[in-house]
Amino acid sequence: MRKIAIFVGSRANYSSIKSVMQAVKDHPDLELQLIVGASAILDRFGAVIDIIRNDGFEPIAQVSMMIEGETLGTMAQSTGLGLLHLPNVLQQLQPDVVVTVGDRFETMATSIASAYMNIPLAHTMGGEVTGTIDESIRHAVTKLAHLHFPANEDAAERIIKLGEEPEYVYNVGCPRVDVVANTLKYDKDKFQKDWIEAEGVGGSIDIDKPFLLVSQHPVTTEYGSGEQQINATLEALQALKMQTIMLWPNIDAGSEDISRGMRKFRERNDHPYIRFYKNFPVETFIHLMDKAAVMIGNSSAAVREGAYIGVPAVNVGTRQIGRLRGRNIIDVDYDSDKIVAAIQTQLEHGKYESDHLYGDGEAGKRIADILATATVKPQKQITY
Amino acid sequence: MRKIAIFVGSRANYSSIKSVMQAVKDHPDLELQLIVGASAILDRFGAVIDIIRNDGFEPIAQVSMMIEGETLGTMAQSTGLGLLHLPNVLQQLQPDVVVTVGDRFETMATSIASAYMNIPLAHTMGGEVTGTIDESIRHAVTKLAHLHFPANEDAAERIIKLGEEPEYVYNVGCPRVDVVANTLKYDKDKFQKDWIEAEGVGGSIDIDKPFLLVSQHPVTTEYGSGEQQINATLEALQALKMQTIMLWPNIDAGSEDISRGMRKFRERNDHPYIRFYKNFPVETFIHLMDKAAVMIGNSSAAVREGAYIGVPAVNVGTRQIGRLRGRNIIDVDYDSDKIVAAIQTQLEHGKYESDHLYGDGEAGKRIADILATATVKPQKQITY
Amino acid sequence: MRKIAIFVGSRANYSSIKSVMQAVKDHPDLELQLIVGASAILDRFGAVIDIIRNDGFEPIAQVSMMIEGETLGTMAQSTGLGLLHLPNVLQQLQPDVVVTVGDRFETMATSIASAYMNIPLAHTMGGEVTGTIDESIRHAVTKLAHLHFPANEDAAERIIKLGEEPEYVYNVGCPRVDVVANTLKYDKDKFQKDWIEAEGVGGSIDIDKPFLLVSQHPVTTEYGSGEQQINATLEALQALKMQTIMLWPNIDAGSEDISRGMRKFRERNDHPYIRFYKNFPVETFIHLMDKAAVMIGNSSAAVREGAYIGVPAVNVGTRQIGRLRGRNIIDVDYDSDKIVAAIQTQLEHGKYESDHLYGDGEAGKRIADILATATVKPQKQITY
Amino acid sequence: MRKIAIFVGSRANYSSIKSVMQAVKDHPDLELQLIVGASAILDRFGAVIDIIRNDGFEPIAQVSMMIEGETLGTMAQSTGLGLLHLPNVLQQLQPDVVVTVGDRFETMATSIASAYMNIPLAHTMGGEVTGTIDESIRHAVTKLAHLHFPANEDAAERIIKLGEEPEYVYNVGCPRVDVVANTLKYDKDKFQKDWIEAEGVGGSIDIDKPFLLVSQHPVTTEYGSGEQQINATLEALQALKMQTIMLWPNIDAGSEDISRGMRKFRERNDHPYIRFYKNFPVETFIHLMDKAAVMIGNSSAAVREGAYIGVPAVNVGTRQIGRLRGRNIIDVDYDSDKIVAAIQTQLEHGKYESDHLYGDGEAGKRIADILATATVKPQKQITY
């Protein structure tokens, strides 16, 4: 019985690994050791841990590691705090493999703790290309990881180019798409309208009429420009005055800049057409993407799940630069006029065809099967 | 006037960066911001900070970050502690570039702090191949760094293969060789015999007669085997009973295993032919390498400076596996008979020709010149 | 020239020490070393650091030490994080005396850092009696401190009973009252009505008509009851529907419970009569207390500054239990009916006479004079 | 079944709480949750955890919290690191009571974690008077603790004077004396001569002939004078040249000063009459005290267990100043001549009568019984 420790540190993390958690939990030869920490345990970021528990997963450990401030310095320090706590957790759990997700800053804490402690490290969603500090983190984690689970062939090839042994690189598809496929297949009718109405703050939304879906996060490598960046988007919304569902940003450095921009906008403008949310249950968000007239911002979800769903999307700025994308994306700069124009183009186009660029919905099961059987050696060595 | 922050965390670090520190200090357009921390400030590891001060460098900040225990877990936690402290230091110093050295575990703290804070990161001695966790750390740091100063062409090419932009990869040679070249050129006669006699513990050594020089560190990815590994070497020494200068291990996880092996050996054996040292001034160690009949252990110095010096060396075990090496190295396993045989082969062969595999002694100046002029952008992106 | 390091960790801290900061800054023989940290540097808690800068004080160091979560565990861990950072700061500043304020949890970090490092520790507002964990913290800090600046004779006597040497116990009055006296004397007309209108969220307030002023914080030793406790107060407000200025709670463990109660209340009730604020400039708050019809909650300001101002106040629950109080206070339990009744009693009574229970407004100057001349020895010893 | 968490952080801690651990473990209504950390898990300080395991106790958690350096700053930072880790441990163990011992710096971490988390805190050996920072720590912990287990009536009265409620102050005697009484009663003949010979480094000792027993620790409030202080003692030993068993110092700030003095002494002098030890099994040390001609240094053991055993002792310097002592103690300053004279006086006097000043050997059982039945409330309040 192999023990598989999975660290979930944010709402984005959870969407990215949920299908793997389920597949590990269901696998006869695997035991799931779920560690929840960072912003995933914070009320202020939507208490993702409660959603996780509601979904039937019980965390075996919690890690408080977010130092308040949301500056570049506290982002590094929070990673340091994670690195102080995680070795204790891993020492106690003695996992056979640690699974870390993607490219958020706390991923580095999990990766270093695991690699330094000679515990084989598995990494999902490596090998992709984007902007922001995530780009550096993602490839650095690849160089620490022993097992690679990229989301598509392009990413898999890039990991091999990075000098990783091909036998440890598995193109499994993206686990986020698993959740999408599953949700749209089985739960098409179970859309939680009530939840949409009960939660959130601001104007009321009629989900059966066209609406915009906005999610814009800070770009850490452009730290200090967040308020200006969100303002471009907010002005575009104000110009359109279509009904809009808008998310607060994640906890990356610069989060407070985006939030301040949003708060000021709320104070200065009448905005009955926008409703603000801290968080959504994973499935609800997928349904929202499926129903949204246009998705706007810089979330990877628009690129990744968006391709599969076919949601028309306007990607603003550099955060997703370089990431493999389907036809559903129009890229624009932080410029309200261009954002308005792109939204209008997408409104005219309407829904796109589903594109399996990021997998077919079976990633979780493939990963679990590999975790159950792969043999890894702690000592890595570059292939060239 | 660009501010160049350099972090020195161990005696090995210092040898690796000393010529860069000097060149930065001497450069009219650069200001040196020296940060000393980790084991370099600890008495128990030879108070490297005092040697640094004696050499005319004044630290602007000190970082206490070593958590006692020397286990794999405390190695990760010490990195975490560094990550808690370094952002405060960098916030205060506001350097234009941070320089980090090689592949020791604390390097990761410097690298993450710098990269997350959007401060351009320069990395020396990247692109090489070895064993132990250093192998993973070195390449991960490459993926976080903005400027690369590899020690030879082979390493430079590997960094480019890792997807780094060629214009930021400078084959400058190894700064450790700078110190060697300088020391052997100018200070040939200034060998500190008195120091050798005054310091250390154990038998007395006649430096004018043939002697062995032993330096063996833990291999973190073989954690738990350190005592057994050093025992093979100690048995070989005991079989030869040649006069021997032996260093205590560095502070990597497993250090205590090696030390315990050495302490037990001392208690159980009469060993008038061995003298034990915690540390050497950099130049003294180079003279010792120059004069040593054979160098034994797994220090990178035997491979690197050793090539330039031509010291006959016996490299034990996996720590240097894959590293580019000259003809002066014989590789053997942790096996006392094989170690004895290899030492005897080297004793017969005697000194090798100088090999400029790791540079010509001008690395420090080249690095300073590049630091003074290179333009870097915080946002990295892989080239493929 | 003695260097006096003062640590400010929250908005409450700042009010408590501002007059001392001013007097130290103005003193010819003293140099102020201002360290700002904990919640005082956080946007979410009103960016007290900006207010401090506006008041003409320049921080020499900042300390990020708040670990998100606001549980009892993170309260302890945040103290630990402060204890990791503060020794570095003190090592660099080399103050002659460290001044720590009152009884908030981060005070313990300052106190331990200072006492362990043999730096004389001065403590303001010790010797008082209250509820919550503050009660334990306050007396523990007294046992670590070398100089004591209690706010009244009662507190001074208690400190001496605690075994402190009488010659180091100075009854100077409360520095918070200094600010009150000063503000009411010189700035009576400079009340910032505009600020009141521009800031905050919620209904609009006519400051020239009677209003309630509400400030209720978590009681850490009753952790988990915060939502219920604030509900009693909110129900009372809802019953009265008088115009009300209400503050969000401080960052103590349980803060999120209070906030959640307030957020739910806002979502479920029409509340045009309440306006919510994160923070006030110190002077504005004093004017508000001076003008308020009744002050409600469990803030020490009602007891302390309230006595001097004569504001009619309703003190809810156990947080101020045991603290010396004037006639302006009516104590009630967490019971909405009783809160309503007490508010009505106070409305009928109107303003009280000024009571100099907590000093006469000259504490800051007295403290600065003592700091400039007192001789302290690091080794303490209990007097009995 | 009440869960009693006990934190052991050093060899001294363990001697002080061993009989309580045993009594808790043996009690039908109590479950022992043993947490071992700080220097008790370090090889360099004698791997106390191994001794603990040999004695039949299994730690439920380990806490790595010692930051290397042994300066005043790292002493504070190590406490901070403990405060980061302990809340996680306590959160997981959910003890009903936490027991903390005495007055070492790490005690503060346990105490704050417990008090802030509303877990009743029991404190042993409070209320005593000494020098060094321990004096401040001890009384500060008393102000945080809910249950007090002083070692004698004098200490019990002092705790009550400190404003603690008499009903929570139990004069139980000193648990260290329990171990003494037990060892001398039952194990008189089981003295581990072999161990004495096998362990340690230096000259060989004939335990059946008169010998000196030396244990001298740093005085943190006299930080920087350690080397000079130990030199006085070492000169006295050199003058007498009696066979001597000498311990290395504990890990308090300044430890390195004492160690350096001892190392230099060893290098510069022939010292066949001294044997150096890192640590002793508790019982072995008691037998050594029982057999020693004179005990020298500043360990509290000479005062405390020494009173019961009647060992003639020379207490050097200020570390034990103010502590209740029996007739077996001669106090002297850091002056080699006076130390020699006092040792000679004690040699002439020989063994003293047993003095039950610190209890009768039943403290552990009394404490366990009280822990099983006492009711405590988290909210403390001073009695005056």
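A, B, C and D label the chains in the order they appear, each numbered from 1.
Throughout what follows, a contact is a pair of C-beta atoms (placed from the backbone, for glycine too) under 8 Å apart; a residue touches a chain by one contact, two chains touch by 3 or more.
This structure is a prediction, so every number in the text was calculated from the model and none was measured.
> Of the chain pairs C-D and A-C, which one is connected by the greater count of C-beta contacts?
Contact tally favours C-D.
> Using C-alpha centroids, which chain lies at the maximum separation from chain B?
Computed centres place C farthest from chain B.
> Go ahead and note the Å separation of the Cα centroids belonging to chain A and chain D.
Chain centroid spacing, chain A to chain D, equals 52 Å.
> Taking each chain's centre as its mean C-alpha position, how far apart are chain A and chain C in Å?
Measuring from centre to centre gives 40 Å for this pair.
> Name the residues of chain B that each touch 2 or more other chains.
Residue numbers touching two or more other chains: 64, 73-74, 77, 81, 84, 88, 91.
> Residue numbers of chain B touching chain C in their complex, please.
62, 64, 81, 84-85, 88, 91
> Where on chain B is chain D touching in the complex?
Touching chain D: residues 39, 41-44, 64-69, 71, 73-74, 77, 81, 201, 256, 260, 267 of chain B.
> For the complex, which residues does chain B have touching chain A?
72-77, 79-84, 86-88, 90-91, 105, 108-109, 112-113, 115-118, 129, 131-133, 135-137, 139-144, 158, 161-163, 220-223, 253, 318, 321-322, 378-382, 384
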